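Chain nomenclature is as follows: A, B, C and D, assigned in order of appearance, with residue numbering initiated at 1 for each chain independently.
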Amino acid sequence: MINKVVESADKAVFDIPDNATLMLGGFGLCGIPENSIKALLKKGIHGLTCISNNAGVDDFGIGLMLQTRQVKKMISSYVGENAEFERQLLSGELEVDLIPQGTLSERIRAGGAGIPAFFTPAGYGTEIAEGKEVREFDGKNYLLESWLRADFSLVKAWKGDTAGNLIYKGTARNFNPMMAAAGKITIAEVEELVPAGELDPNQIHTPGIYVQRIFKGQDYEKRIEQRTTRL
Amino acid sequence: MINKVVESADKAVFDIPDNATLMLGGFGLCGIPENSIKALLKKGIHGLTCISNNAGVDDFGIGLMLQTRQVKKMISSYVGENAEFERQLLSGELEVDLIPQGTLSERIRAGGAGIPAFFTPAGYGTEIAEGKEVREFDGKNYLLESWLRADFSLVKAWKGDTAGNLIYKGTARNFNPMMAAAGKITIAEVEELVPAGELDPNQIHTPGIYVQRIFKGQDYEKRIEQRTTRL
Amino acid sequence: MALDKIGIAKRIAQEIKDGSYINLGIGIPTLVANFIPKNIEVVLQSENGLLGIGPFPHEEEVDADLINAGKQTVTMQPGSSLFNSAESFAMIRGGHVDLTILGAMEVSENGDIANWKIPGKMVKGMGGAMDLVASADHIIVAMQHKSRSGQSKLLKNCTLPITGIKCVKKIVTDLAVLDILPEGGFKLLERAPGVSVDEIKNATEGKLIIEGEIPEMKLEVAKV
Amino acid sequence: MALDKIGIAKRIAQEIKDGSYINLGIGIPTLVANFIPKNIEVVLQSENGLLGIGPFPHEEEVDADLINAGKQTVTMQPGSSLFNSAESFAMIRGGHVDLTILGAMEVSENGDIANWKIPGKMVKGMGGAMDLVASADHIIVAMQHKSRSGQSKLLKNCTLPITGIKCVKKIVTDLAVLDILPEGGFKLLERAPGVSVDEIKNATEGKLIIEGEIPEMKLEVAKV
């Protein structure tokens, strides 16, 4: 199998240019590419369009890239757990495109799957339907939505192998598999990196064909937004 | 979790009526619902529309239901490894709708996913494009294709649990997961049936929500069409 | 007396059918899980990719990789399954989830719902709400009957930007249980204990349909 | 002398780039796998749900649950992955497979391909062929230059029902290697050993473009 391993996050993101369109996996702070985000902070590129379900918090996740003003536009379903985000949005420094979560995940899936457009009921009759084609099927109305693709996708998995195969853990899977398929270049960071052949082919969540670079991430913080316990 | 176990194939298919639309998993003879097919033979219902990538061989798989003239129509991507099939087709006893394999699998996926229609490039400019809407995206032409759904889906998995969760093995997965989601009633047969909680939630291929009935299949023959070996 | 949030959650729990798959929104809907009768088995779906949400974890069980749609740490029930976000919404959009319970800021008499945006306030996004309301066969809304300033939230037409149209079938408020009829109108089914029909009338701006005697809710569900 | 099937497969194997993902059709394309140089690593995709097809199994390894798109029993290479048919065609349609090699009954000078149906004969279906030809960025066709009755199969226009339009970029036949130019026309690149340009001219009905000296193919690839 083709070896896709790079040494570090810095080497993985080396060619991401200013004004790139990125996809970043994760739901809230769960399953986000912590190492790649740090490498982008260090690299200091600007004008990024980030497609990600959420925008992190002030001091973690994509929120860090907002602090450094590296993000020009967010495409998300839910944002603003995050004061700096709110400030930039209200001041017009940041563009935001809000998309229903199911439509967002399906548009990304469509991007990876070569489906340029599909019909979905979400948002029919609401303001997000403005300017969109409406069609009725079996007596119900649907909106036509188009695919989303990215120059680079940054995903985070639990285990990965040198051929780029990925296995996620728990609900940290979320948007990562679709984004892996929808990026022209997909960079995967993993907690555990093993030689090709060690993962069970039947348990792979993201086949290696979708991953161009893979590296072992370090110092995962895995911050919890709502630590909720019972006695 | 909700217990979905039924005792036998006969009990699982008890309410499938004449003229039902069925989906049957499998690619060639690999991953086909052997037990459910036998139960349908025994039940003797007729006028069935069968959505399945292939139509079995003369004496195995859906081919058995052709011998007994239970099938009115096949919706498939590749057929005719099968003399009786050919005879019925040429004599007009059997209707056949041939669909590109990727379009077929995506139409079934769309059926389960609540996507009534989507655009795909397959078949543009060919005779299967006749009567279909064509649209250009980024300079390439695509056909609009609609979802497929079934009254009953008959799928075969390797392991399953009492909550209806399924794990497939090898390339026996093929169409089974999409069909499980696209059936109004989905009947799963498995080689090994375990209590809910024994399968790793991270390794489930078909979440139990898609499966209404599950049973432990018996006497799997797993016939091989092209046994090819090396020395 | 008007119900508190717990009361609303308890009343909604009575609507839950054995063997159903349910998506619970954030807020009061999440509380409903606590009042599902012991003899009823349901599976809770979390749109971030989990079927079979269990109780909140004990401190030592907390796993950052296992959260619900409200970003709270959770556990899994035996028989759970994990999947990606596209699969999760395929499940929702495909009509596989039997019941969706969510909060609302306004509901109109034809079943429109507004629960994602207040003009002039920071817009945080619709999350999965638009997908849920456009897809679900059966939606129950948990809400206060009136705003803090005393305005009715059960309206002829929503004044806020809507999340979905003609989708709400049943509403449980602090004052009443109501169905939304296919032809439009809030049909009053039950009153909160001690709340009069007149009180409900005064609190409902949209068309209220009252037929015969309106019984009081029964809330004697064993607390779990 | 015209190439045999092995010869065509050997010549196609020279087109394969290190690190590529390849879908091989049934027939001659399947043979190509045997002639990929040892120093080149590729991953073979099987559209029934496998990335990383290995060699045919030894008798005792045969697994009915592990077959290729030709329904032959196979094995898996280390680093393989298994997936469902929708994912497999998502991979194909999404342009993730770098190279598709397939057979054809006819190819036209503008890159149309016909390989699924002969009027008057039993129609078995297109399988995955229409998806593959409509989606692949790079398609190489392996075919005989002429039919058994001596008719050219490299035509101005296909006479058989087509599988896809304007998709073929390169053809390897028993007589020649040819590119199909974006503006149309078969550009002759190489001759089979001992085959003359005139022989290829006579065997090609479509527009044949011949520029300068046409070299002979080199086929001295180590057999595996």
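Here, a contact is a pair of C-beta atoms (placed from the backbone, for glycine too) under 8 Å apart; a residue touches a chain by one contact, two chains touch by 3 or more.
Just so you know, these numbers come straight off a predicted model, no measurement behind them.
Asks: Hey, what chains does subunit A share as contacts with subunit C?
Replies: Under the touch definition, subunit A and subunit C have B as mutual neighbours.
Asks: Rounded to the nearest whole Å, what is the centre-to-centre distance of subunit B and subunit C, using the mean of the C-alpha atoms as each centre?
Replies: Between these chains, centre-to-centre, one finds 36 Å.
Asks: Can you give the whole-Å distance between the Cα centres of subunit C and subunit D?
Replies: Computed from C-alpha means, the inter-chain centre distance equals 56 Å.
Asks: Compute the distance, rounded to whole Å, between the mean C-alpha positions of subunit A and subunit B.
Replies: Inter-chain centre distance comes to 33 Å.
Asks: Of all residues in subunit A, which are in touch with two or more distinct other chains?
Replies: Counting only residues that touch two or more other chains, subunit A contributes 106, 109, 113-115, 120-121, 169-170, 202.
Asks: On subunit D, where are the residues touching two or more other chains?
Replies: 50, 82-83, 89-90, 92-93, 135
Asks: Which chains are in touch, pair by pair?
Replies: A-B, A-C, A-D, B-C, B-D
Asks: Would you mind writing out the residues of subunit A in touch with subunit B in their complex?
Replies: 106, 110, 113-121, 135, 137-138, 140, 142, 146, 167-170, 202-203
Asks: What part of subunit C is in contact with subunit B in the complex they form?
Replies: By the definition above, subunit C touches subunit B via 19, 21, 41, 43, 45, 50-52, 76-83, 87, 89-97, 135.
Asks: Once bound in the complex, which stretches of subunit A touch subunit C?
Replies: Residues 27-31, 53, 76-80, 86, 89-90, 98, 100-103, 105-106, 108-109, 120-128, 158, 169-178, 205, 222-231 of subunit A touch subunit C in their complex.
Asks: In their shared complex, at which residues does subunit B touch subunit C?
Replies: 1-2, 109, 111-115, 161-163, 165, 181, 195-197, 201-202, 204, 207-210
Asks: Can you list the residues on subunit D that touch subunit B in the complex?
Replies: Subunit D reaches subunit B through residues 46-50, 55-59, 62-68, 70-74, 82-86, 88-90, 92-93, 112, 122-131, 134-135, 161-166.
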